[in-house]
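Please go over the structures that come below.
Each of the next two complexes has subunit A plus one more chain, namely subunit B in the first and subunit C in the second.
What follows is the complex of A and B.
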């Protein structure tokens, strides 16, 4: 277990290094921030001064060396746009994204597992067919469309919730709802399939022969066995959300890390891009670790 | 008339499938009394498990449908009760033990939890249930019960898992225990122990035991009465002795005559150059030594049976010889050349001469290929054997040779029965005109009557084509009928090698003797005589 974990950490570290190298040089290819930050009629002198200030005149490889050195000292540079440490900017947005992702994934997990399990108990029944239809629509509808329809119906026409921004509980409802739909449909289908397989297994027969009731057969005997494939999909979906739900955050003006990254790329705010990537990569790594731990907790056969 | 503890009357069950309605059982009636062991004997598809499923409310409806009959238990018709009422009986008054305890125990809960659960749902307090579970584990012979409670099913051996199932079934002192093929997946020595345990527990508690089995030996060993089923109907009922020595129905007669282990033993006349000479073969997986210095020789046209319990290294030996796995050290001379050191090109030629038939033809035949494609594929790989123009006629010839019809060539594996599929696998092996066929438990999954037919086929091939066999099996009577030589393996080591007569009539080693003694004889009288010394031995140990 410990050995496996060490290997995991080491290999993840190398992936992170490769990622940082790639993003560093690729982002430099997009062009010069000076051209974007200074007024269109800026003099050559102003441009030179800006470049000198941000170290953009040095050879790329030297800029890279300096960046790595700083990062090793936990200095991620400053945001050009906001003139504050890049890492502060990123962590601020990331906190928003993390909250959004956690709330959504918690809701998705709870509802998809309960509803999917019950649907699988009587496959082909009325409830199962209804649930399958709804989840299929959910899994296939594009989120930008749902977001816009949601705003039109619930904010503009009915006026129940605000259109965008943050501040009150009401602000969260639409973003969470829109983010919820697709993973919910997907995970529900996985739960249903996995539970169907589990209901057919021999230990369910034993449970029936013991006189175990239906509720316990679903939620005790089979659920834990059926959870392994489900957890993998939940992990994938959570990872996608931690990367920032770019579309949803943009449409709802939600100050998350996805929106931050898009803005930073458009404005060539290199330090923020790199810091954001490192933070989300770390978050995804931690999440994968949690999934591994969940696996071993659920299935004793994996503990050796 | 006195009332029986459990009585099944005129039960008919059918299943509605895509291929039409299957009549699983038709108008069957039987009864079970307290303190009695009733065996339902039948081959696969005979419907022998269906009445048990009906009793336990395990038939899924749909596709299943109970079209007639009733099941009376303690004066009430189970089939007319509500689900809740039946749940109250299941596990408490009627309990069930299944084949293959590994898949029938829930892998993610501790065995303690699973045994306690059955008591908790039927209203026993937690600490009382726990104490009883500990007692039960002790009673069924699980070592270190306290620790065992916290372990998971995969941490036990097959025999121990079946003991755990038995403990679970007995938790609430049921009136009836139904055991569906309880020892089929177990090694012979373990089977003997589990049957002895069931027998003891029955005498202790006076429960009625319903035993579902395909094995005449199991019936001979512990049944008081036997019901023989074929194609959904009861063909015969009686005591095992009556049924065995005076079978009335033709099906029963056929079943009894098919029981292996009573034919003439082969008398090999060893002479000349061996086809295969294996010397000091070793193979380890990590620190686990699967094969330790195994040596034997095989003459052309002879059969070497490799017997031993699971984990003894039988299959590893086969895989190493066919170079499906590489051996660590040792030699295997094939016509004088060490096949373990052959380069790829020579090995390719050798593959023609050594073929394998696996245990489960359902898994080893590609379901998307027709029989013609399955058999002729060998010639696609080895085109020098046969010009393409003759493929069709040769496939038909091979099918005839293994007892199938040439018209079967365009069918797919799923359209055949298990025995027929094994014949296809044999035809596929024959396509390359091999000198050696390795059969890894090739008849173990087949019904007794089918098994006898496949063995007869293999025997015919040996006589007519002079093919040598390495015949891996755990079923000693089959080995006795078919083998020339026998090698007994235990924990990766060759315990004893000899002619079939030497091994069966004059075994030299204790392990071989134990293995032979553990086997069950289909004749109830022979089996009763065989049990006496075992029971005495048990008393001495206990």
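What follows is the complex of A and C.
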């Protein structure tokens, strides 16, 4: 297992390096940051000065060499737009995204597994049909629509929660709820399908024949075996959230890394783009390692 | 029963919490459309930064009053006069202090101007000065001479664009702006909010607002919802669609003028009759209240009506498709290639419905016999078509753009847009160049008259472009606030102008 992990770490490192090189050069193809930072009627002198100040007049390969050297010294450069270290800007945003992702994925996992397992126990029953309908609607409804409707109903009409922003626990309810709905629907369906397969297996029939209780059959015998595909989907969903939840961040004014990345790309703030990609890639890499560990714990065959 | 109690309890707690995110009596929350990257004084002419700090934290020597139409007013300078040709003497307030406690004097003004114009920092101010160089001489603590080369008769007006910082401010972007204004920046939570708190030691009268918190929401419906829910007091920019409550919503001229820049160097646009036909082909009234907001005003100049020298005698070209066809036929008979396809160049997301507006205009042009195609670009690509050097080998272009001038004087527009060397000019007309130079150098009533003459000449004699509309914006204001947005709201939001009902 140790060797496997080491191989994974080494290959992830090379992937990260390749990603950074690619993004460095591709982002430069999008154009000149001076044209976006300065007003549309900026003089040629202002444009030249700006490029000189930010080292944009140097040959691209020289800019890349300087960037690599700085990164090796843990200097990720300054944000052109914000005039402060790019890594500080990214880490501030990423902290918000991480909290949002962790809270949401924890809730999604707990509820989807519980409800999906119970629904699969009596397939075609009233509870199963209701849960399937709700989860399908959840998985297919657009985020921005749910968010706006949520604001109109719960903030403006009922006044229960604030429309947007951060500051209190109440501010988290709508963003987490909106972010929750789609992965909840998806994971619940996967749990249900996986559990249905497991319920049909010989070991469950044997357990039933021996008189084992329903609760024990679901949560002790079946769930563990049904979890492998579920963990894969949870991993995918968590990775998507760690990359930022752009719609939720935009509508609720949540200062996460998704919106930061989009804004940085639109504004050609190259250092922030690169720092954000490195931080999110690292987070996804750590998460994949955790999934590998979870796989190994759940399936003894993988430990060898 | 237990469940009901729990639900009731939760609802009561939510209601109690709701009061926690409501506003304190004299504190306000302003919800802006984009997060600010910098809160830097020398960038205060950038609208998203200006709405927070201009005249709230950072003040200028002079101030243009558009609310009461008083024109140029004193701010940190009590008075000014032209001491010698090209040199203006400013007499400064003696009672102003910076929020760090230091006294305001002429040395601060000198440093602020040098800092704003420095090539070590990318400030916005130099764009308004073009090739003009400024030299400063401190006469005494409260008097400073500013010399412009070449001479700038509107130097006092240009001083509305230079914010004053303490002489100790480094020549690099700062995140802690120190100013002489009625407020100081007390908190900046990156990505979340910025808070300004009223100063007790401000030199002027104390404003009513004690604290202002600025938050940022990209979605216009959320901004409108925040004011409706009582979480915010002012949303300076909401969409027309969301401006559906006459009690809270205001439309105001947003200082943008929408027009089509014509390239006079390329046939058939080099023919005046063709340019007139383009103007006559458009049914401008059909756009207002349909694709564009009701408050949009038909334009006869590149600058809005609140600008010095705006000419009320210039009339919008009549909608006359038959007349346009006749002019085109005349031009064609004289060998003008009127059938050459003309490209209409637009900018994506320039304003709501921009594509539909340009498609409708294209349809109207085609109805009188023009052959056109529409090409939309994102901002950077658009800029290549809009600013010199123009692309080599280009065909005839109509570049549809918005131009912003809330500065009160056409000088901020005319050179750029109409001088032969103007960066976004489509014409090269020596007479126009001469008129711009004369108006730029003139003062007082002569200046207003010169601009007036130029505006008429460009519109009626040169037919320089297809002027379309002075645009409007929408703001939502909480009914507890006494505040009416003006043309200045596009670039600044003075908290001292806000009262409570």
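The rule is simple: the second predicted complex is superposed on the first by the 301 of 304 C-alpha atoms of A that agree within 3 Å, B and C clash if a C-alpha of one lies under 4 Å from a C-alpha of the other, contacts with A are read in each partner's own complex, and residues count from 1 in each chain.
As a convention for this text, a contact is a pair of C-beta atoms (placed from the backbone, for glycine too) under 8 Å apart; a residue touches a chain by one contact, two chains touch by 3 or more.
Just so you know, these numbers come straight off a predicted model, no measurement behind them.
When the shared chain is aligned, no partner comes close enough to touch A:264: not subunit B, not subunit C. Of the two partner chains placed around the shared chain by superposition, subunit B is the only one that A:298 touches, whereas subunit C remains out of contact. Once chain A of one complex is fitted onto chain A of the other, the partner contacts of A:117 are absent, as it touches neither subunit B nor subunit C. Of the two partner chains, neither subunit B nor subunit C is touched by A:27. Contacts of A:152 after superposition on the shared chain: subunit C is touched, whereas subunit B is not.
Between subunit B and subunit C, more residues of subunit A are touched by C. When the two complexes are overlaid on their common chain A, residue A:208 makes contact with subunit B while staying clear of subunit C.
In the superposition on chain A, A:221 contacts subunit B only, with no contact to subunit C.
By the touch criterion stated above, A:163 is placed in contact with subunit C alone, subunit B being left untouched.
Residue ranges on subunit A touching subunit C, taken from their complex, read 31-32, 35-43, 45-46, 49-50, 53, 79, 81-84, 89, 92-93, 96, 148, 151-152, 155-156, 159-168, 170-171, 250-253, 255, 259-260. On the subunit C side of its complex with subunit A, the touching residues are 11, 14-15, 17-18, 20-21, 35, 37-38, 40, 46, 119-122, 124, 126-127, 130-131, 172-173, 175, 190-193, 215-219, 221-222, 225-226, 228-229, 231, 379-380, 383, 386-387, 416, 423-424.
Residue ranges on subunit A touching subunit B, taken from their complex, read 201-203, 205-213, 216, 221, 224-225, 298-301.
Taken in their complex, subunit B has these residues touching subunit A: 56-58, 87-92, 95-96, 98, 100, 103-109, 117-118, 121-122, 152, 154, 165, 168.
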